[in-house]
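Every chain is named by a letter (A, B, C, D, E, F, G and H) in the order it is written, and numbering of its residues begins at 1.
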Amino acid sequence: ERVGFDEAILCARKSDAQLVTIMDRVLEQGESCLMTRLEPEVFDRFPAHHRARVDYDAVSRMGYFNWSRPRTTGPAQIAVVSAGSSDMPQAAEVIRTLTYFGAPTRQFIDIGVAGLWRLLGNVEELQKFPVIVAIAGMDGALPSVLGGLVPGVMICLPTSTGYGVSHSGQTALNAALASCAPGLTVVNIDNGYGAACAAYRALNMIRKAASLAQGC
Amino acid sequence: ERVGFDEAILCARKSDAQLVTIMDRVLEQGESCLMTRLEPEVFDRFPAHHRARVDYDAVSRMGYFNWSRPRTTGPAQIAVVSAGSSDMPQAAEVIRTLTYFGAPTRQFIDIGVAGLWRLLGNVEELQKFPVIVAIAGMDGALPSVLGGLVPGVMICLPTSTGYGVSHSGQTALNAALASCAPGLTVVNIDNGYGAACAAYRALNMIRKAASLAQGC
Amino acid sequence: ERVGFDEAILCARKSDAQLVTIMDRVLEQGESCLMTRLEPEVFDRFPAHHRARVDYDAVSRMGYFNWSRPRTTGPAQIAVVSAGSSDMPQAAEVIRTLTYFGAPTRQFIDIGVAGLWRLLGNVEELQKFPVIVAIAGMDGALPSVLGGLVPGVMICLPTSTGYGVSHSGQTALNAALASCAPGLTVVNIDNGYGAACAAYRALNMIRKAASLAQGC
Amino acid sequence: ERVGFDEAILCARKSDAQLVTIMDRVLEQGESCLMTRLEPEVFDRFPAHHRARVDYDAVSRMGYFNWSRPRTTGPAQIAVVSAGSSDMPQAAEVIRTLTYFGAPTRQFIDIGVAGLWRLLGNVEELQKFPVIVAIAGMDGALPSVLGGLVPGVMICLPTSTGYGVSHSGQTALNAALASCAPGLTVVNIDNGYGAACAAYRALNMIRKAASLAQGC
Amino acid sequence: ERVGFDEAILCARKSDAQLVTIMDRVLEQGESCLMTRLEPEVFDRFPAHHRARVDYDAVSRMGYFNWSRPRTTGPAQIAVVSAGSSDMPQAAEVIRTLTYFGAPTRQFIDIGVAGLWRLLGNVEELQKFPVIVAIAGMDGALPSVLGGLVPGVMICLPTSTGYGVSHSGQTALNAALASCAPGLTVVNIDNGYGAACAAYRALNMIRKAASLAQGC
Amino acid sequence: ERVGFDEAILCARKSDAQLVTIMDRVLEQGESCLMTRLEPEVFDRFPAHHRARVDYDAVSRMGYFNWSRPRTTGPAQIAVVSAGSSDMPQAAEVIRTLTYFGAPTRQFIDIGVAGLWRLLGNVEELQKFPVIVAIAGMDGALPSVLGGLVPGVMICLPTSTGYGVSHSGQTALNAALASCAPGLTVVNIDNGYGAACAAYRALNMIRKAASLAQGC
Amino acid sequence: ERVGFDEAILCARKSDAQLVTIMDRVLEQGESCLMTRLEPEVFDRFPAHHRARVDYDAVSRMGYFNWSRPRTTGPAQIAVVSAGSSDMPQAAEVIRTLTYFGAPTRQFIDIGVAGLWRLLGNVEELQKFPVIVAIAGMDGALPSVLGGLVPGVMICLPTSTGYGVSHSGQTALNAALASCAPGLTVVNIDNGYGAACAAYRALNMIRKAASLAQGC
Amino acid sequence: ERVGFDEAILCARKSDAQLVTIMDRVLEQGESCLMTRLEPEVFDRFPAHHRARVDYDAVSRMGYFNWSRPRTTGPAQIAVVSAGSSDMPQAAEVIRTLTYFGAPTRQFIDIGVAGLWRLLGNVEELQKFPVIVAIAGMDGALPSVLGGLVPGVMICLPTSTGYGVSHSGQTALNAALASCAPGLTVVNIDNGYGAACAAYRALNMIRKAASLAQGC
């Protein structure tokens, strides 16, 4: 693969027939694939022999098709940080994608700006991670605060939680993009898959640098 | 006055002739007035006898017309908090308006989210203020952080600083409105005059409650 | 609590499992909590032993969990003003939140700009309130009219009623923020909980000032 | 003319050469014309023999070209109402256009929602007018209040005054369109010419009805 | 009534209980009322004794409550023009409202810009109407074309038909407001009731002028 | 060239130094180029030896660099239609680009929807053109009307003329895209160059078909 | 037909009764018609004798009513290009419309920018087509890449696939309109019918040129 | 420094006096600083003794204050890719910031999607870079194409070049965020400084991994 990882199947807006065709082809080629935005009711309509090959999780709405868990080696180098229960599906999408790629993660929850002390209590730990995915909806203040405290690669994942002027995540997105904290990067609203891919790109480059250095 | 304070003259978009007529009328009635959004070049074109009666400040772009400073009594009960140099004009508009109303203020600058430690060093002090005006542009994260730490009346003043998705203050405005911190209130972008009026309304009610209580 | 009141549980977008976990924890710690945006059908799915501990109201979509009504003392100092039947859920959210906090309110309904005479008939009464929550959808003209007539702290709550260019409350929000009436403050669209918290912050400061003054 | 009045020349974005060509043609045909959005500096660059034929007014930025004032008959049937000094150019555009059409107007100024008593003092008078042009910027609350009090044809002219969420008149426009007051009609932001044409259409139909009735 | 006609009941967003209370009160006072945005399923849930008093129409989603048809006198003076079948509900809302007010209308359908010849074939007839309601969705070109051909009061009613950049009627609304045709007036998207009220205001003024003239 | 014509140089936002470098390179390679959005004051600052090689036109803000007019053969197959004087610069950009490409055009002006009779008088002529560029600002009604009357390739060029809800051409753009007239195509606001390229693509395919057919 | 093809019936927002009336009329006149946006459940509710005359396809949501397939002559001159499975309904709408018009098409799928090599492998083939419909959602990069490689008439059809900042197709639309590739033309989001009509206009002009040339 | 690099001074919107104060303080503390958005005319107004200490570049509008170039070691690991001359200022801002931080870069220009072959010719080289900053305005297609071809950390910098629906960079921003290419990250429009900081965060983590690995 040119970019270093497989593309996933975005199940939203695909018909049942299209999804079955894709799974057939994957099986034929003896491959596995990652399925995102797979609603429970769509999964339930899968033919039994396909459903049996899917490791499905309803919170992240993701399936691993024809996949066997790789042995994960080494400690987590990617931190996935979020404020609380509303952003759980997006956090799960990030973690499940990275698990599929074979990249261990460590999750930090209840790290919201409103309860600043909990966040501060974790800063020292977070400063050790080379890659951080910061998830936030509504006002999206978490990335700004975190970004001023840690040196790692910051990937901000705005979520569509909230109402009114939250504008389905647009405010959290804009807040992350306009942040005073320098060097934040951002992905599309609710794009947990994309945030995971971005984190994995960084991890790959770090691993490659380490193995090159080790080689000398 | 029904609402407890004078209306100000919004000088933007008024012709020189209109402004002179207003000042003439104010003089005739032996009154004073507050002039907002008064650009230096407009002020410079005022007739000399009017210009002599204006106490003008270029940072806040405000003038006190035919006004003599009241004796201010008691300690500051309104804190005006901002991140730094870019939001100075708006902070000045808040403070100058409250000075005109006879309400002492205390200014906190360099209290940005990026430098969280400076903010935390001031929290104890800020918790004592019954009214806080929190000024922030760009991502507007300051009000969210502050709002979770202090019990006073919070008036958020978003500013038009920033570029791109800052959208001339709209992102900071939305972030304050969508904040997770409970009980924040917000005024229009760059509306330092309005934030000051809101602070003054709260101060008036606090003063009234105190003098009623003292009366018993 | 640093800010003077408990945070509420925003039930929207939380799974049943997440809500049950939260209620379990609240019970364990012998506390109570306020639940907002709790849809009737979600409430109906609660386990019976939890449902029994919830004082639920379908209009405001709020529940008091494990809560016993405090003795409320003194007259209402917060007025909750709205135009009519369409904004009832938001008015209810404001009032139920303040009831939970132990703050008595007085409700004024049918105070719309279209029937200006009813509004004018209540002005004298409204001028006595130190804190007013003004609720309005569609064109949001009520806060502007009220704001020019009363001296108290004005908290405007725009609602998502209306269609077309009402833009789900955005027009009412902008009208309140851009109002000519000086010193209005605004909260997010349909954020009755936030308006109540803002009112409660002001009330707390007023009460504190009164008790300090009484102390002397 | 099919629609009952002449089209005007919108001078904005036309080159000097284009405007001269238009005036030449008007002269050749022995006609007159109304020029809108004619900036003073553009007018100053007109050839002298054309400038001499223009009755120019800088407030409304309008010129009457090759025109002689018609004898106006009868009392004013169109009221032009605005809040104050900021909306003066738009009010002037309405009045000057109707003057060109030979329709007398009566202007009401300082009729803002903030000073509700001044507005109420004029209601009885305003109820007599068959056609009212209501001009308002910022929050645009004036049309809503007026519309609930008078029976005439209501034409709302939103203006681009204000800043921040006034969004160059969009908020005032939306407030007028979303108004609770029934039967308001609206024209484009700052379109004083269009508001006048709309008023003139109504006046024409009223005059025609009257003369038909008189005929019987 | 100050404005010359009754306000209608906007049923959208009102609970069944609220609607029943309103109907009870109307009955008690021996009055009638007009109900708009009344969905069939809401109407079906009305108590039988109320349902019996409602003259309901599902296309316009309107009900006449406790109402008996007035004798309509004279020819139609209001034309209601639309392009075709998609805008039928809005046209029906205009016509049913005016019927309630006792104002006869004449409907022109299939008058779209795409089939320009049908429109042209009706121009002569349309030029006779003192008041025209022009209904258009999508690109909203109908009002612009019509407005250049007829002298009457033009009330444009943009509709939410269309998809993509139709933006739920916003494009048709803006096209009508920005029209080159002079003197068009506009109401909110899908606001058939408001368009009818505006037409009725004009009709009232025309009738009043006629009866005054006849009196002399 | 793969696409059948040269790319132009978009001069906006390029520094003088960058433009000179480009012209030097063009000269070196013995080529010519088309320069768009070339402001007069930028052109005036060109070195004399370059300025001498530019055939510049201030209305379209375009320059032909190092270019000699090709012999144009055959009749015009592309019609360029616009309403009037405000859209002249955009019409000029279309025509000058096509002239550069060697494609003769025929211009129709004063073809606005407001003066429908002028438009109708030209329909028969316009029906003969295989390619039509329809230019319109403000409400953008022209393409809709024209599109229902002619069979050729329709390329709509919305312009930024107008104010308020014209939104700098966005309303005209949306109206063309949402048009009821079937088969309209649209280019970016004020993109006369792009409209010309699109017209030229169509012309090329038509010419190619003709020469292929002639060959048989 | 003036424009060279029949208008289609847009079934969205039409009531069952309206659709039946239209089909009756088509039958009476011995014609056929094309029905777009015809949802399966609406089609299922058609009276049996009408349903029997409809050639319905659920992917494109289109019906051919009372239609018999014309003999198609000659090779496909219109290419319909899309990235993959999500844009299938829109591609189907284009192809089915052109089939109805009697214009053969050739479909290219899996031509996405992400898999650039597949796209490049088809360029030579695509360069032979005089007309190309390029379908793309999300970031809409396909038209830009294709437009720089082929000389034919380019008609871009943005789709509403994607989430977050895809903004229901607005981003893909804007990307196509703002493309650096010169001479792209664009239709409304998801407007497969319109894209087909535009392609058919071009095809008609090409065919006409060929037959004229052959004539000589 | 917690985040691994110095904050820059954003000179836009700061008064001359504020900038001088900042420079004084920097000098006093014997430090250096990076100044962004420093307009030539502002720089020219600096006091001579400060101007002498600024290494100023007008293209990037950046100054290095009191700074001496560090010895840069090792090959460039950050590629800065852009399409052409219009995006030069933003590319310069990225490169100058990284130079200040001591990180060597390699610049690729004329890599636009329109000239796909130039881009393809550089792919092999680009695949070697662990970090890539992809700069694009208008339709922003470059990041999508590049992102599917290279494995490194992708940081997209949308620029405000273009007009009409480019919406000052918003379209390029949204296209990058909505891209089909997996794992792209994005910064604010024209935020070259932020893109550089993000690249530097990644570089730091890579360097750290390498030196840790080397240590073992």
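Methods note: a residue touches a chain if its C-beta (ideal position, glycine included) is under 8 Å from a C-beta of that chain, and two chains touch if they have at least 3 such contacts.
These numbers come from a predicted model, not from an experiment.
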Listing by label each chain that touches chain A and chain F gives G, H
Measuring centre to centre with C-alpha atoms, which chain is farthest from chain D? A
Would the interface of chain C with chain D count as same or different, where same needs over half of all numbers used to appear in both copies? same
Whole-Å gap between the CA centroids of chain C and chain F: 57
Using the average of all C-alpha atoms in each chain as its centre, how far is it in Å between chain A and chain C? 36
If you average the CA atoms of chain E and of chain F, how many Å lie between those two points? 42
Which chain H residues touch at least two other chains? 7, 114, 147-149, 164-166, 170, 173, 177-178, 181-182, 188, 191
Pairwise, the chains that touch are A-B, A-C, A-G, A-H, B-C, B-D, B-H, C-D, C-E, D-E, D-F, E-F, E-G, F-G, F-H, G-H
Applying the document's contact rule, which stretches of chain A touch chain B when the two form their complex? 83, 112-116, 138-141, 144-145, 147-149, 162, 164-167, 170-182
Which stretch or stretches of chain H touch chain A in the complex? 2-5, 7-8, 127, 130-131, 147-155, 173, 177-178, 181-188, 191, 193-194, 197-198, 200-202, 204-214, 216
Once bound in the complex, which stretches of chain D touch chain F? 7, 10, 12-15, 18, 22, 160, 168-170, 173, 188-191
Seen from chain B, its contact residues with chain H in the complex are 59, 85-86, 88, 114, 161, 163-166
